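Both complexes shown next keep subunit A, but they swap its partner, so subunit B is in the first and subunit C is in the second.
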Partner chain A sequence: MGIDESFRGLRLLDQLAFGETAVHRLDPRAKVLVTLIYVVTVISFGKYDLSALIPFFIFPAVMISVGKLPAGFVTRKILLLSPFVLMVGIFNPIFDRETLVRIGPIGISGGWISCTSIVVRTMLTLGAALILVGVTGLPAICSALEKMGMPRVLAVQILFLYRYLFVLAEESGRVSKAREMRSFGRRGLGMQTFSSLVGHLLLRTWQRAERVHMAMLARGFNGEFHTRKEFDFGLRDLLFLFGWTALFISLRFWNLSQFLGDLLTGIFS
Partner chain B sequence: MHMADALLSPAVGGTMWAVSAGMIAYSSAKIRTGLDEKKVPLMGVLGAFLFAAQMINFTIPATGSSGHLGGGLLLAILLGPHAAFLTIASVLIVQAMFFADGGLLALGCNIFNMGFVTAYLVYPLVYRKILGRDPNQGRMALAIMVSAIVGLQLGPFGVVLETHFSGISELPFKTFLLLMQPIHLPIGIVEGLVTLAVVSFVYKARPEILQAALDAHPIGLHPVRNVLLSFLAAAIVTGGIVSWYASENPDGLEWAIARVTGKDDLQEPGKGVYSMMAAIQQSTAFLPDYSFRKTASGERPEIIKQNPASGKVGTSISGILGALITLVIVFVTGFVLRRRPAT
Partner chain C sequence: MSHHIIDVKNLKHTYADGTAALRDVSFRITHGESVAIIGANGAGKSTLLMHLNGYLAPTSGEIRIGDFPLTKSTLPEIRRTVGMVFQDPDDQLFMPTVHDDVAFGPFNLGLPGEEVEQRVNEALEQVGAAHLADKPPYHLSGGEKKRVAIATVLSMTPDILVMDEPTSGLDPYARRRLISLLRDFRHTKIFTSHDLDMVMDLCERSIVLHEGKVRADGPTMEIFRDEILLAECRLEKPLSMQGCPVCGRGRCRS
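Right, the complex of A and B next:
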């Protein structure tokens, strides 16, 4: 992934949080909690569970639609599966060859089922994280986590990082492009140029941090960050939290796919 | 190398979350009480710097492929353990949310594998020990190289352990280990070389930065020992609680299902073919003696006879069918909600 592309993705995801929909207006704590419950529920399935995982696509689908997130962008991001997970997952069919399911002459081994299950889990869990950011925004997630007990120092740290991420990513993008334009093909892309490039970037960053700190002190910074919106946990948030939680728990215990499939095969046979 | 949600079990993920949360609380307290406040914006901006630096690639000599800086060790050298740990944690949190690296539950594992290992194991026990009391350039070079290699062996080892104990992957422990550790040897060497080059650059330009980092955290046994002891305590407590629950009922949710459906032992992954077959059948079956499926299996004798455990084919076909229907329903729901006028 090139600098430009990953940076553009970052920008877009950041902009999405400024939406004004019903999910955007919810208390960030409710959204963080629902996302965590969702991820834990998805993870808690056994490794051969596949059909029971499918109904869980309802959460990303509803959130993307109601939150008016660009479905194509989120799907693309999720489908860019981590190569590490794929590498580990692809070993399941190799080590687990016992046939578990037979459809006519075709036997499907347990390994392929658990491998597919890993892929589906990846899509569900990573999608949940991206959607959380898209409908909430990092600053709001941060203040929600802080209200839920995350240390203030880490909250301030994440907000700082986030504020300067865009500044520095732009800077490193410029630097990197300038280097590429001056190095036809290979020369100049090696470690030596890289280290002095990054070294300079580091020193400039360091000086910037010192200036930033002085400027903040001059404006009376006392360790407190103020966010744009103040939230209070209302009935709407409570309904959101309990509604989704109830759905996740019932889908955890009750295999909807199997039920629908049984219903259909029952009707046609 | 990010650990991923998809390979984790709730028990392992939860334990690592608890451990990492404990470490974050510890290092936050250390920073609030001990350090000069000037470091707070510095940490934030350096975290952003790490992102920016990771976006710049370089070609690795003799291979032609390209790599980028990991940077955990660099932060530890510049900031000292506590500040570096928090900075690495914040970087991983933002990565998990914006770049879909790993996932939210795997954050605990990732903060441990990269943050804790680098800042609280490698930095005090390897880097500072080799650097000694009067550091010079040669010692520093050696310290950085060894630390980078050790760090990039321990981190992946953590990934292997976490994956193994989660039991989602079928990779045998030894095979996975033999796969991961050698791959990370050259990665560690490259990371060491790059870190060394950047640190020497900083040392030439502004030696006081490195000197300040060395002075701020004099080597004493106490901080390291405290950290290790508190970590050990956290691990024992959380591990103990989790494994107690685990032994009591294989998985809280599984146990609950067993109660709901009136069956015990829904799944015993990896204990022979029969139990696996039973597992998949039971886990995909909605109410075992469901009348629809009986009809289905009765009507398809040619498929059924291949299978010793009767009724499974009916469930698998209807499972696949049902999954497709569910997906369609999900899409339609999304579509309908999207077309709804703005609220």
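Right, the complex of A and C next:
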């Protein structure tokens, strides 16, 4: 997977934020808060909890369908990260061999359950974060966070980072293409040229930073950042916030999967 | 109105590494003039431009913009007076949306919200980019970026427009549009460019820099007719003044 391709993914994610759905129109603060509460709730489960996590798939599912996000794209982005997540949990089955659950003759050890739990939780939280960006856009998230008390300097930093990520991605795409075209086979693709390439990118970034600063000064920048204030926290946002929060909290203390399972086994026994 | 005047006297600039970029530059540009600063690569054009809004300070010499000498205390006023458009629009467009970017200058001038809004709309309207207001700059094409970059400066209602290589990187159509847009501006205009055909279209006066000095200063047509001067300064006649490559006939408008 080349730089170009991952860059296209970033662009697509960014463009999703220009959608015109009910979720897109919500106040960014409501969306940020709901996502935050969701992430905290999902993380707060114990290490062997697995069944209780299943109902939490409802949040990403609803957001994707109402926000008209391409489900395949979001899933692919999450799967892309899953090997790293697996690395985190992969040792659990080796060290934790105590059998916790039995399905017929097969015993499942606590290690496998906690490993799966880690993977599921990461997928849920990553998915929620991706969806938040997809239905809100990073700039709006930033200004929402700022309104909720994040230091302005940090918000501005993130905005600049995000803005120039696109420029940097294009630049590094060009540089690495130029290198590939002039390296035949394995020659020229080694670590040594790579480090010099990265060094050059860094220097260029530095020069660009200087020019951007110059452009800011030329337009009277004096350390203050002003933006349009156009947020309006209305009834719909309030309903969105409290509705989801209530659901998350009740799902946290009340295992829906287990309830449904008990119900089913109750009927059949 | 005297604040449209730029007066540069014996300007010298030596960079910290010892490179003497400007050796002795003097000129005076008056109200409403459209002037091109031309010269080979490394002649000192960019260094000169960076002095005009006080980003670089002269090693020696003096710059006056309008009624003010360029000093630290007059910088804010001078930066409002001189609108600077950079060569690479990506350096100039750093806010999340086009609208925010055009509003950046007026907000820094301390204008109230409604006034800012009005100026943003006017500036975008003027460059024909009103429909781009809510887009992020990185989704724009090269020509769109350039026009938005100009709008970010227009919104501060400058008296003097300074542009570094305005037509670089534009396709022929975008270049044409930009030239006719610039022709309509009533500001005092200063361009640097290697696009000598554009210079001929837009500027009645040209200043030729060569190795950090003013080599010639006069009517554009006269300068472009002086072949010895052009060759010395590593320049060429604009294409439209050269003979036709197919039939060999010259079409110099002399």
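Just so we're on the same page, the second predicted complex is superposed on the first by the 256 of 269 C-alpha atoms of A that agree within 3 Å, B and C clash if a C-alpha of one lies under 4 Å from a C-alpha of the other, contacts with A are read in each partner's own complex, and residues count from 1 in each chain.
Throughout what follows, contacts are C-beta pairs under 8 Å (C-beta built on N, C-alpha and C of every residue); 3 or more make two chains touch, one makes a residue touch a chain.
On a predicted model such as this, the values are computed, not experimentally measured, just so you know.
Does subunit B (first) or subunit C (second) touch A:R208, or do both, or does neither?
It touches subunit B and subunit C both.
Between subunit B (first) and subunit C (second), which does A:S195 come into contact with in this model arrangement: first, second, both, or neither?
Once the two structures are laid over each other on A, A:S195 reaches subunit B alone.
Figure out whether A:F160 sits in contact with subunit B (first) or subunit C (second), or with both, or with neither.
Once the two structures are laid over each other on A, A:F160 reaches both partners.
Would you check which partner chain A:Q15 touches, where first means subunit B only, second means subunit C only, and both and neither mean what they say?
In the superposition, A:Q15 touches subunit C alone.
Could you say whether A:G111 touches subunit B, subunit C, both of them, or neither, answering first, second, both or neither?
Touch partner of A:G111: subunit B, not subunit C.
Is A:G220 touching the first partner subunit B, the second partner subunit C, both, or neither of them?
second
Residue overlap on subunit A between the subunit B contact set and the subunit C contact set?
159-160, 162-164, 167, 208, 212, 216
In the complex formed with subunit C, which residues of subunit A make contact?
11, 14-15, 18, 139, 159-160, 162-164, 166-167, 208, 211-212, 214-222, 224, 226-228
What does subunit C use to touch subunit A in their complex?
Subunit C reaches subunit A through residues 50, 53, 55, 76, 79-80, 82-84, 86, 88, 90-92, 94-97, 99-100, 103-105, 107-109, 113, 134, 136-139, 152-153, 156.
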